[in-house]
Every structure is written in C-alpha cells, then in structure tokens.
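Just so it is clear, A, B and C label the chains in written order, and each chain counts residues from 1 on its own.
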Amino acid sequence: MVKTILPLEISNASVRRRGKTLVGPVDLILAEKGFTTVIGPNGAGKTTLLRMMHGIERLSQGTVTWHGPNAEVRGRQAFVFQSPIMMRRSVRDNLTYPLTLGKTPKTEARQQAEDWAERINLKSALNRKATVLSGGERQKLAIARALIRKPDILFLDEPCSHLDGRATREIEELLQGAHEKGIRIIMSTHDMGQAKRLASEVVFILKGRIHEFSPADAFFDTPGTNEAKAFLSGDILE
Amino acid sequence: MTELFEGLKAAFLLLVRLDADLVEITLRSLQVTLSALVIASAIALPLGAILAVRRFRFRRATIAVLNALMGLPPVVVGLCVYVMFSRSGPFGVLGLLFTPTAMIIAQVIIIVPLIASIAHQSLRDLWAEYHDLLISLNTTQRQRIATLLWDGRRALLTASLAGFGRAIGEVGAIMVVGGNIDHATRVLTTAIALETGKGNFALALGLGFILIALAIAVNFAIHWLTRTEVEGRW
Amino acid sequence: MIRTVFLTACMMLMSPNALWAENIKLAVTTSFHNSGLSEVLLPAIKDDLELTVQLLVVGTGQALRLGEAGDVDAILVHSRKAEEAFLSAGFGTHRREIMYNDFVFIGPVDDPANVGASETAVAALQKIAVARSPFVSRGDDSGTHKKERSLWQAASLETGEFGSWYRSAGAGMGASLNTASGMNAYIMADRASWLNFGNKGDLALLFSGDPVLFNQYAFLPVNPVLHPHVRNDLALKLEEWLIGDRARELINSYTVSGETLFIFNAGPND
C-alpha cells in the first residue's frame, strides 16, 4: 500500500461528447499537498474537469495518472456532488455504507458513523431518514460520508451553491479540518470569497481550457491573463 | 343482481361453517401461489436489478421480451408446462404433472416477467438517482445490485404483490397442469370455474368473494410483516 | 422477518402432497362429472378398495390425449368412434362398456321451432334448421359435440353452411348450457348435466327418448406397454369394481330430481 496516491498527473486529456469538446486538452499536475479551487463561469467545464480527474467521466483522449496501483486508486478518492445524493436510508446507514463496501466490521463502522455524526452535529438525527434532512444537513452528511473512508483526496463540486451563510461556514470548517489532517482537496466554487478563504491554489477554467493555474494569493492579487482579470472584476465572459 | 347477494350469502355461510373443503382449497391456493411468489421474486427481482444496472448486448431485447411476456395468456403457459411435464414430455419421468409443484412452476413462469418488468422500471429510476454515487464509491456490480434491491424494497414489494395478484387469480394454466383434482390440486380459482360450469353461480361467486378477501388479507399481512407502511415515505 | 416468510414458504413447498398410498388417475368427461354420480361412486370405491380415484375432468378430446401421453391410468368416456381409434392405435388395452345415459334437446319453453312434437331426434334438428332458431353447439370436439355432429349429418345438413343462428361455444357442457340460457337458444345436452344445471332460466327439456340419443360410457385402461409407469394393476382393480354388483346398484339407483340418469350395462370386453 502506497502512502498516498498523489501526485495526480493529467496529460493531454479531453472529454468530448457528441462532437463537442467539454473539457480539454488539459495538462496539469496536482502536488501531494494543497487545497485547490476550480473557478470559472457557468458552463466552463468545472464539473466535467472534476469528474474526469475522479475517473467517472470517460476520457476521449489523453491520460489521468495516479501514483499507485489501479486497485487502490479508486478506493482512496471521494467525491461530493453539487446536489448531495442521499441514499434512502437512515443517517447512520448513509454513513456506514462506504465502510460496509469494504471489510470494516459492523460495530467499528457504527462507531465511526457516530463519531462523524457528532462532528457534523447530526448525532440526534442518526436514526432519521437522510432524505428528510435540510439542504445544509444533507451536504454535511455527504461530506462526512465521503471522508469516512479516510480518502487521500476529496473532490467537491460547488458544495455550498444552494446553502445559506451558516451552513456554508460549517462546511468550510469541515473542509479546513480535513485539509489540516492532510487530505488533498479539489473544489469548484462560484464564491470568490470562499475561494480566497480556503484555497492554496487556483485553477481558472474557461470554455473547457485551463487558463491559469497558480497559487491563490498570486491569482487574486495579480491575475496573469486578461480573461481572469475580467472574470474577477465581474465581467461576463463568453 | 340477486345472484350477487346469493353469492355473498354463500360466502358468508361457507366462512361461518368453516367448510372443510373450503379450508383445504384455500390453503392450497395459498401454498401454491405463495411458493410461486417466493421463487418468482427470487428470480425476477435480481433480474430487474441487473437490467437496470448492467449494460449488456441483449439488454434491450430482454426488456422487450419481458414486457411482451407479461401479456402471455396463462393457458398457453399451462400448455407449454403440460407438454414439458407430460409423461411423454422431456421431464415426464419426474412425475410432476397434476401436482401442486407443476402448478407452482406454471405460476412462476407467468409472474416472473411481470415482477421483473415492474422491478426494472422502479429500479431504473433509483439507479438514475444513485448512479454517480455508486460509481464514485467504486462499487462492484454485485454491490450495486444489492444496494438497489435493499433501498428499492418498497417498490419491489409492490412488484411482488402485483405478481401475487396475477397468480392467485389465475385459472387457465393451473387448470391444465394441475387438473383440478379434488383433494389433490383443486384451488379456489379452479373450483370457481367448476361451479360456474355447473351453473352454480351463487357458490362460484361466494368462492370468488373469498378469493378477493384472501388476496386483500395477504396484502395486508405482507405489508404488516415488512412494516413498510409504518416507515412512511420510502 | 423476511427470512421467516421465506422459510415458511419453503416448508410449504417441500411438504409432501398429502396423498394416500394408492392413487389412480382417471380422465372423465365433464358431462359425467356434472351428473354428480362420481360423488356417489368415489367414496364407495375408497371404502371397498382403499383406492383414491383422482378425477381429471376434461373434454373427451383432452381425455384421449391424456391417455395417449400416459398422463392418466385410465379413461372413462362416451365417444365410440374415438375410443376405437384410441384402441387400434395401441394406446389402450381394451374397452369395457359400463353404463349409458341419454342426450336430450333443451330449448326455450315456448319452443318456437316446435321441437317437442318431433318423432325423431333427426326430425327435431331439421325443424330447428328450418326455423333458423338459435342453437348452441359445444364446438369443442367432445363426445357430446361428436354426437351432435353425427345427428346433423344423419339429418343431411351441413353445419358449416349454417348462418349465425348456429353458435359454436367451444366450451364444456356447463359453460355451453350457460350460453344457451343466456341466449335462450336450443342445445343438445346429456340428461345428467341438464338436471344438475343450476341456471336453467327460460329453458326446458323439449325432446328425448329416441334410441339414437343413448350415450354409452366405456372404461379404457391405458396401455402399460407404452407407458410402463401407469398403474394398470389399479386400473384393472377399478374396472372389476365398476362391473360388479355394488356399482350396478349404485349406478341404477342414482337419481337427480327423482329421475334415473344411468343404466348399468357392463358387458364383455370388445
């Protein structure tokens, strides 16, 4: 077992569907440590880029290479979708589900589920159906469910886009905690404030192509391209 | 109209007297149909899940065939099973013709397409909902199927109960393969057909009302056993 | 909980069909079963022989097919030509005549075709054809249907050329009687089925007694050379009982609504 499946190396990768290029070609290397935000206007290809990295979007060309044997690579990544997918089960069973797929004993899985429920303030809701939770609670549960297998890397697709300020802050705290524990995070977002608060580096994507990949401070202080400058100043980019 | 009341009266009298023959054919109806239901569900529910989850070459053709088979006349199924299990047929040596086992086999064939089709339709929607998550979690095919079957159990119960409804009321196939032998293969529906043939409409209707009551009772019992109604929305 | 249900169902499936040690499968025609005679004979057979007769109540055509396939041990039918064909093809060992009953013509009480005044069965059918009164035929290739066709033939009439007044029900005796009752039509039925029929409506018995309408029942054991598994021993045992004194008494004394239905006439093998 390798220590970490990072770095991630993407080379000349594209995703085309029905003759239209959604993303690419992309060349990118994500280092072992860091908190990357992917920003760009709607339809730029942020979701597709994340899905492509995670390996749930078929590549039309190029390669996405992790550092480790194929069998391990998929199990050590986690993905949180924009609208959280709640399984039709209790909160507890949602949390234990990823563990039961592996060989984690049942009592151990239940213990971990209770620990995580406590961390996301859902301990009292352990036996409630996940489908009746509020939007913020669902997203917290989705993140906890993603983290419960202790992944090396966590992808998040605009996790706070439908949430109010309080829920957003809770989730940011959750993500910062995970980051501090050494989990690599890649998150797309529309919220520039959030990107500034959390990110150590920024990927700026436009029309499926990466226009900038730089440290967060540098990107927000002195964007290198005219498109990034325009985007940050609120202009609409077509 | 008077026959309906006569029928209700006949049903009432049969029940009050707890007629021994009635108890026997009612229990046999239950034995045959519940056995067929368990076997058919064990085949059809995983089949529905496989059709929802897997993309294989003859998937569309399989779904089309299943949908077509839903409309298969039971008497045709009965004839096919008869030909197979007749002493002169390939499975004749088993000596299963005119036994409850042959009736169970015929009913399994009749309801598997129905249960599988309904199961596939509801699991297809659930799969659309779960698809990204289960792919992301790197689940195996087997795990996906198990997850869909478990989380979709409410809808699958509906599919199974639809199969039960079709099987318990079925007469064409079990008449041919069971033979409607008194004290051996007579069930409620074949008894109804027999009494109708004799012109005993009141008794036939009475047995019909008992059949309806039985079907309702089984539905309630299964819902109660699985406690789905209590759990609410799922 | 689901597991309990499953196990219960499995146990129900596995439980042996509670049958007695000795069973014989006998295919009989619907008209015989409708007569109710079997309800008298079967318990007596059980008492005397400790033999359970499992009746498969089907049309003559299906009864013969079940015998050919070896799915029953013997058949009890009433269609001489078909029985002889069955024997000559080697499907049965022999034919034993047991008893006879008779066919009757049933029709609307007001008898529009004036069938009641006929001298013979053939004349009665000719009157129905002339009046073009609705007539229900079994149309299922049963013994009764075969008899009806032979009578039309004897009347020099071709059923294929009849108009819509000639309705082929394609069903058993009871179901056909139901159809005739619903349509207020003429129909030929065996006396037993008619007497036991519960839905007479405006129908009545209009004509009977012509010897041509007598209906001979015969017992044919299935050939054990062709089908080694059939219980020829039990079939012979049953046959012996059926031609015996107890059967004679029960058959001759069986009445419905005060009328004798069957006349015992067991004779030597054909």
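Please note the rule applied: a contact is a pair of C-beta atoms (placed from the backbone, for glycine too) under 8 Å apart; a residue touches a chain by one contact, two chains touch by 3 or more.
Please read all numbers here as calculations on a predicted model, not as lab measurements.
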Pairwise touch network: line, ring, star, complete, or other
line
Can you name the chain whose C-alpha mean lies closest to the mean of all the C-alpha atoms?
B
Centroid-based (C-alpha) most distant chain relative to chain B
A
Approximately how many whole Å separate the CA-defined centres of chain A and chain B?
47
Using Cα averages as centroids, what's the distance between chain A and chain C in whole Å?
79
In whole angstrom, what separates the CA-based centres of chain B and chain C?
33
If we count contacts the way the header does, which residues on chain B are in touch with chain A in the complex?
126, 129-130, 132-133, 135-139, 143, 147, 151-152, 232-234
Under the stated contact criterion, what part of chain A meets chain B in this complex?
54, 56, 74-75, 77-79, 81, 85, 87-89, 97-98, 101, 129, 131-132
Looking at the complex, which residues from chain B come into contact with chain C?
30-31, 34-35, 37-39, 86-89, 92, 95, 97-101, 104, 179-184, 194, 196-201, 222, 225-227
Enumerate the contact residues on chain C facing chain B in the complex.
1-2, 5-6, 9-10, 12-13, 15, 17, 19, 23, 25, 30, 34, 52, 54-58, 68-71, 172-175, 177-178, 181, 196-200, 227, 229-230
